[in-house]
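These are the structures in question, set out in turn.
Two complexes follow with chain A in common, the first pairing it with chain B and the second with chain C.
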Partner chain A sequence: MEVLLFILPVFFALSVLIIPKQGVRAYGIIGSLAVLVVVIACMMQYNNDGTMHLFMQKPWFYGITLSFGYDGISLLMLLLTAVLVPLILVSNFKNELAENRLFTSMVFFMQLGLIGVFISMDGLWFYVFWEITLIPIFLISWWFGAPERKAALTKFFIYTFVGSLAMLAALIGIKVNAPTFFIEDLKAVVFTGKTACWLALGFFLAFAIKIPVFPFHTWQPDTYTKSPMAGTMLLSGIMLKMALYGMIRWMLPLFPEAIHCLQYPVIILATIGVVYAAIIAVKQKDIKRVFAFASMSHVGLIAAAIMTCNFDALSGSMVQILNHGLVAVGLFLAVEIIERRTGTRNLDELGGFAKQAPKFAFWFAALAFASVSVPLTSGFIGEFLMLKGLVGFDMVVGIVAGTTLILGAVYTFRAYQLSMYGPVTRDHFADLHWSELIVLALIIIAVVIFGVYPAAITDFVNPSIKVVLETLSTPSGL
Partner chain B sequence: MSVSQLLPLIVLLPLIGAFINGTLGKNLSKTIVGTIATGVMLVSFILATMAFMGVQHGKPVTAHLFTMIQTESFSLHARLYADNLSMWMTMIVTGVGTLIHLFSMGYMKHDAGYYKFFVYLNLFIFAMLVLVLGSNYFMLFFGWEGVGICSYLLIGFWYQDFKNTLAARKAFIMNRIGDLGLLIGLFLILGKFGTLEYAEVAKAVMAKGFEISECLIFGITICLFIGATGKSAQIPLFTWLPDAMAGPTPVSALIHAATMVTAGIFLTVRSSYLFEHAELTKEIMLYIGLATSIVAAFIAMRQNDIKKVLAYSTVSQLGMLFVALGMGAYTAAMFHVTTHAFFKALLFLGSGSVIHAMSDEQDIRKMGGLRKKIPITHFTFLIGTLAISGIPLLSGFYSKDEIIGHAFESHKFVYFALMFSSALTAIYMFRLYFVTFFGTFRGTHEQEHHVHEGPASMTLPLIILAVLSVFGGLLNLPGVFLHNGTHWLSHHYAQNVDGLMTPVEHGDPNTTLMLMVAAGAMAVIIAIVTYIVYVKKNSVPVADEQLKGWEKASAMKLYFDEIYDFLFVKPTLWLSEKGAHYFEGAFLHRSVVGLGKTIGKSGDLIRKIQTGRTDNYILWMVFGIIGLIVYYIIYYKN
Partner chain C sequence: MDALLIVFAGGLISLFAAFAKKPFLVVGSAMAGLLGGIIVMINQLQTGKAFFDFLKYEGLLFDELALIYSLAICVLALLIIGIGYERFKENPVHTGEYIGLLMFSTVGAMIMTAYTDMFMFFLGLEILSIPIYVMAGSNKSDARSSEASLKYFLTGSFASGIFLFGLAWVYGATGTFKLLEIQAKIQEMESLSPILMIGVLLIMASFIFKIGAAPFHFWSPDVYDGAPHAVTGFMASVVKISAFYAFLKMFAICFGMGELYTFWKDALVVMIIITLFVGNLSALRQVKFKRLLAYSSITHVGYTLLVFVSGSMNAFTDLWFYMFAYGFSIVGIIAVGLAVNDQEDRIEALRGLGKRNPFLAIVGIVSLLSLAGIPPTSGFFGKYIVFSNAWASASWLVIIALINSAISIYYYLKVIGTIVSPAEHEQEKIKLSPLTVIVLIIALVGMLGFSFVISWL
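Moving on, here comes the complex of A and B:
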């Protein structure tokens, strides 16, 4: 059954190309829901003891194995992917793009790549899928993005490609001493301090660029703002989570020796990024840029939390990965709603929509609260656990990272109030279309459910996190 | 029903009310919306009374709902906890809350966002109940931020005026600064005790042989106190509260006077066992509270917005409460929280009734002579004024006196400072009262024509609160006149509240009596003097521009906003703007592009080597061979 995880996206990606134009919308949504069903089925049959469920493992050639499987962490990432893709397609419902066969096909290819990344337990396959995701997202933005997108996208492509090469080099570096690329074999290879640091650095560079960690982020705001909505959603909602997942799955377990040299620098960089991005977001005029920097600030915190290698922090980072994926999609949809109706994203030219579109005002406000992680939303649980880990790791780092609570409120509510409150600026501002309402409502409901009952997530991933951390605590790796 | 069954109901009822009105309220008539919202409050209050009775003499009751998070080192539960302290707060919240809901039915009658207002109000009560009834600091934090959200929504309720939304944002952000402190306090507690449950922390702290490093206990308590300064509007985080008056007046009464702003005091009393180990924090708390009390009272002297005066008065009273906490007088603080909830809610609702009568005018210089026109409002407002000023036999007299009495016993300096602050309080309150209700009417003709008493839904809460303001003092009478029935509240708390179980100390009756006479006489004299100034001489406050010296400083709120703007807001904005422009835009961007160009250039350089000329290649080859030989020699020689 798990093979369907590959087959379905490929099937839909190809078959959508020959569907009549008016059916593409529905077809895409049906396809993405089918994938969701498979993922849920996988979750149901997973026994949740933290072990790796390998549904395929056989040698192939030249040390490359066909190893695919999942544990709680992978399943959560799969769930995020499978939930967000239909949400993204539905949010896109009112755009002309939704009728575009090529676009829908690219979304499915993207999903294929993402799923592949999350279930590959072979280093080389992980790398291959990691690279595959770059192609559809690049094409989506290149074909359908804003008019002045090309420079930004070239920067994005080169940037991520350089990162990927570093990861490839590191992979080859360890394979020299391991029989295959299978994750357990790679883990078995023990490195001394310096080598481990260099190899881990190779992985980190790839991840840092994709997350993005300060100061490797300069591609991010431009690419987010120049991509079409669906592209931005895919990028911030799921794609950057690949890197966070990669840190947990590959970087830390493969190089437990490197933690000593990487931990402090990475946490400090990530924490700087948290504050830096938040401060920059405060005065941005383009509302999409505000949320782009907000996204960077939030994921910086996740990256820092993961590097503490603390159980609570990792648990919180998983909650926050899910939460951020949902909220980011919601916020970028809100931006799109404003842009679609007014033709601008400039906060100076917006205002007063709360009166004309009360439903939108309500759901957008709920999203804003979710984004600043108030209690009753899953973001709070995530940030609570992560900050607890960070405070335990280092008081100063914890407090500095904690200022995100304050700065987050500053930029989020500035953006919200400037766009929704104040004097009315447009004669007409249509309230939510049903497709928009569904997406926003589903996101908020999910965020609140996980905020009230986070055990639904943490109980699911905690055993797997425990296994990961056990790998770290034994110096030999295995 | 047992108490543990009642607790979830008490908390959930307001949420249900909010949900019904939130989903259906748009299509329901205003009367039904208001009745639902007020009705759930009333039922919640009745259930709270039942639970209060049930738990009064027994052990604390815990109602476990579900486990939120379970990790290796700790678990966080959604649990409710009823002891005499939390039930007391619940009674205040639901009781005063019900009255204010009732008042709002009349006050908000003409507002387009009527149903939304009640949804927010109900939600607020829900969050506030989670705050006081939660069984651990985690639940408290849930409620803590929850009330912050509702406060944000209600301050910015009239969002068409952008100024209101700015006030709302300011309140939210300032509260969040405190919240961060509180959160870190939570982490420290969790780190030390491995749990956030009150009962378990209390047990650990009060066990024999409990030890904690001075540094850690200071860290924990100061973090909790930072949280409290945000929510309870103490220096330095108090400037949001006066701005919060941008919200509808019932909101100011409920959230920014009676309930939410006392959350900081509740937190401190709840954690009294921790604070008892942290003398330094208590000292800091004492002096911060004292400074806040005097500064706010000073600013209130020359404010002319009826609600602003009351807002600064609230800040000042809260400061006095922290003085009490700093001296370890926890029950005295809770006593004053209670009476303050009565008379400050009364005063705010009274001011709402005045504003309602004056067609939304808030400047007391444009009022005057309202005594005859709105008699019920006038009379109840008078009672509120008397109570807060400490006129003998009213509730505020007793509760304030208890705090001042504590100060007299331990800190003489604090005693005189508190007396000074009370004197200021009496002055600005009587000034407010006389200028508003006496003299001649100074508003427009239209307003004069329109002045009227509100409907019964508005006057009834005023009357009930007035009665409570008069007799509230009976709750904790000092042991001067009677021997039985005194210090009821202290005994009540001593029954089952962790940390407050120490026996009640009765001060020396003669000293107590002397202090009471002094305080009472002062209040009466001030009342007479202000009467002479504002009624006999009929002086009306002048425009702010004509003020000089201390009066100007008072009217300009001691320039706190300007100083904060200069110190914090401007630098952040500057950083954001310049950072985006110079660092993000110029430096980082250029270095990335520069790196790209360098790579390109190096490609150029290498390309130039490929000249295509054979002699060049041979030359390079010779160099290469020489290099190899040299390498070979060196390598093997060593």
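Moving on, here comes the complex of A and C:
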């Protein structure tokens, strides 16, 4: 059954190309829901003891194995992917893009790559799927993005490709000492301190560029703003999470020796990024840029929390990964709603929509609260646990990272206030379309449910996190 | 051996079929000859026995490696003839010569994979090269084509001369032409004779010229640019595979031991680094399609040369995989160039290809991704195999190669971007013949599923 995770996206990606134009919308949504059903079935099947459920494992060629499987962490990421893709398609419902066969096909290819990343338990397949995701997102943004997108996208592609090559070099470097690329074989390789640091650095470069961590972030705001809404959602909702997942699954367990030399620099860089991005977000005029930097700030905090290797922080980061994926999609949809109706994203030219579109104002406000992690939303649980871990790691780092809560409130509500309140700027502002309402409502409901009952997530991932941390604490991973 | 004869017979028949002035007959007989050769070789690989056991000649030995390389050569030659067919049809008078020469060149390539002494190698090299000198100039009305032909001929014969010169030195040092005897003689030597070393360097220089690596690469952009598309494709795929294999075979068997290995390896490492950077950096600013291809192929030669450095037992199969996968991408990209058929051969002419023929655009994009080495294309797996085997002995060189991969993505991406961008004004649709479509589907399968096919075998 798990093989359907590969077959369904490929099937829908190819078959959507020959569907009549009127049916593309419905077909895409049906296809993405089918994938969701399979993922849920996998979750039901999983016995949740933290072990790896390998559904396929056989040798391939040149030391590459066909090893695919999942544990709690992978399943959570799969769920995120499977939930967000239909949400993204529905939120595009009113757009003429939704009728485009190529667009829908590319979304499914993207889903294939993401699913592959989350269930590959073979180093090289992880790399292969990691790279596969790059092509559809590039094409989506290239075909359907803003007019002056080309330079930004080329930069994005080259940037991430350079990072990936560093990861490839590191993978080859481990493989030389291991019989196959299977994750357990790779974990069994023991490195001396310096080599481990260099190889871990190769992985880190790939992940840091994707996340993005502070000095490697320059591709991000331009790419986000120049991409079409669906591209931005895919990028910030799921694609960044690939890198966070990669840190938990590959970087930490493969190089437990390197944690000591990487931990401090990475946490400090990530924390700088958290504050830096938040400060920049406060000053932005373009509402999409505000949320682009907000995304960078939030994700930087998750990266820092993961590097503490603290149980609570990791568990919180999983909650926040799910929460951020949902909220980011919602926020970028809100941006798109504003842009589509007014033709601008400039905060100076916006204002007064709360009166004209009360439903939109309500759900946007709810999203803003979720984004700044007020209690009762899952963001609160996530950030609380992560900050707890960071404070436990180093008081100063924890406090500096904690300012994100304040700054987050500043930039989110500034953007909300400037766009929704103030003098009325437009004669007419249509309220939510039902498709938009569904997406926003589902996101808020999910966020609140997980905020009230976070154990739904944590109980699911905690056993797997425990397994990951055990490999770290035993010296040299043996 | 029998495959060689079948391909040769196919070439002869197609040459005579040209009297009928029916391109269909010529191409049909050539393809039949190549297909026959492929079937015979697959059979021999499976059963381990040739159809005609009595056909033997001591200068040629079709062992397993020679067979798989000949197989790759025949498959790629078949595909190149397939995509070139449309163009041959336009000029029925010359189809015969064209196809015949191509077939004979293929025969030369096969000889270069199976040689066991230097004589046969030289024979193979000349049988391979002389038809290409002619074919490069087959666009008689085009001055650039004639220039390409003349340039290739002059530099090529120089390289042959250098090879013979080097061979003379090696003969002087060892007193034999047979590969295995040379190997034995060199092993007996107490210390390396300078005569031998000079010979080895001269032979290496001629090979470096043939495969088009820096610093002997200057002919390749002009020749690639001037030659007709199908010939460019042939040079980039078939010629390169055979020259590379002959290079590796000679140097692994004769000169691959001990002190001598370290002696020429160091020279080669320097050349690899120069090749990679020269190819990549020159490719960055190209605006012409085939020139870009030429520089990209120089870069690929640089990557491929890493198999010489790895010194691993898998070097032969690594090289085979890499070059075969590379050949498929060349077929795909050449087909795109042929179909667009821009007089000035600009990259810009690819603009709007997605609208003009979506299938062709997909083939073009996949070929470029494969050339760039982006998963899941076989170009990536080829690169991975070569790099990972070279890592153990020269990890820093692999890192340089990876940096070059990162540079190269820029110009491939530029072409991909051009393909998927809409054209300024409406262009007519491109129609592909059924034969071309079949060839392109094979190439697409080769680019996307080659590693799966290999792992099942």
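Note that in this section the second predicted complex is superposed on the first by the 478 of 478 C-alpha atoms of A that agree within 3 Å, B and C clash if a C-alpha of one lies under 4 Å from a C-alpha of the other, contacts with A are read in each partner's own complex, and residues count from 1 in each chain.
Rule of thumb we're sticking to: a contact is a pair of C-beta atoms (placed from the backbone, for glycine too) under 8 Å apart; a residue touches a chain by one contact, two chains touch by 3 or more.
Just so we're clear, the structure is a prediction, and the values are computed from it rather than from any experiment.
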Per-residue touch tally on chain A - higher for chain B or for chain C: B
First (chain B), second (chain C), both or neither touched by A:124: second
First, second, both or neither for A:161, with chain B first and chain C second: second
Touched partner set for A:60, first chain B, second chain C, both or neither: second
Chain B versus chain C as contact partner of A:279, first or second or both or neither: first
Partner chain(s) touched by A:132 [first = chain B, second = chain C, both, neither]: second
Set intersection of chain A contacts, chain C complex versus chain B complex: 158
List of chain B residues in touch with chain A within their complex: 66-74, 78, 141-142, 145-146, 148-149, 156, 159-160, 162, 165-166, 169, 172-173, 176-177, 179-180, 183-184, 187-188, 190-191, 572-573, 575-577, 579-580, 584, 588-589, 592, 596
Interface residues, chain A side, partner chain B - complex: 155, 158-159, 215, 218, 276, 279-284, 311-312, 315, 352, 354-355, 369, 374-376, 380-381, 384-385, 387-388, 391-392, 398-399, 402-403, 405-406, 409-410, 413-414, 417, 420-423, 452-455, 458-459, 462, 466
Chain C residues touching chain A - in the complex, by the definition given at the top: 369, 374-376, 380-381, 384-385, 387-388, 391-392, 395, 398-399, 402-403, 405-406, 409-410, 413-414, 417, 420-421, 451, 454-455
In the complex with chain C, residue positions of chain A that touch it: 60-63, 124, 127-129, 131-132, 134-135, 139, 142-143, 150, 154, 157-158, 161-162, 165-166, 168-169, 172-173, 175-176
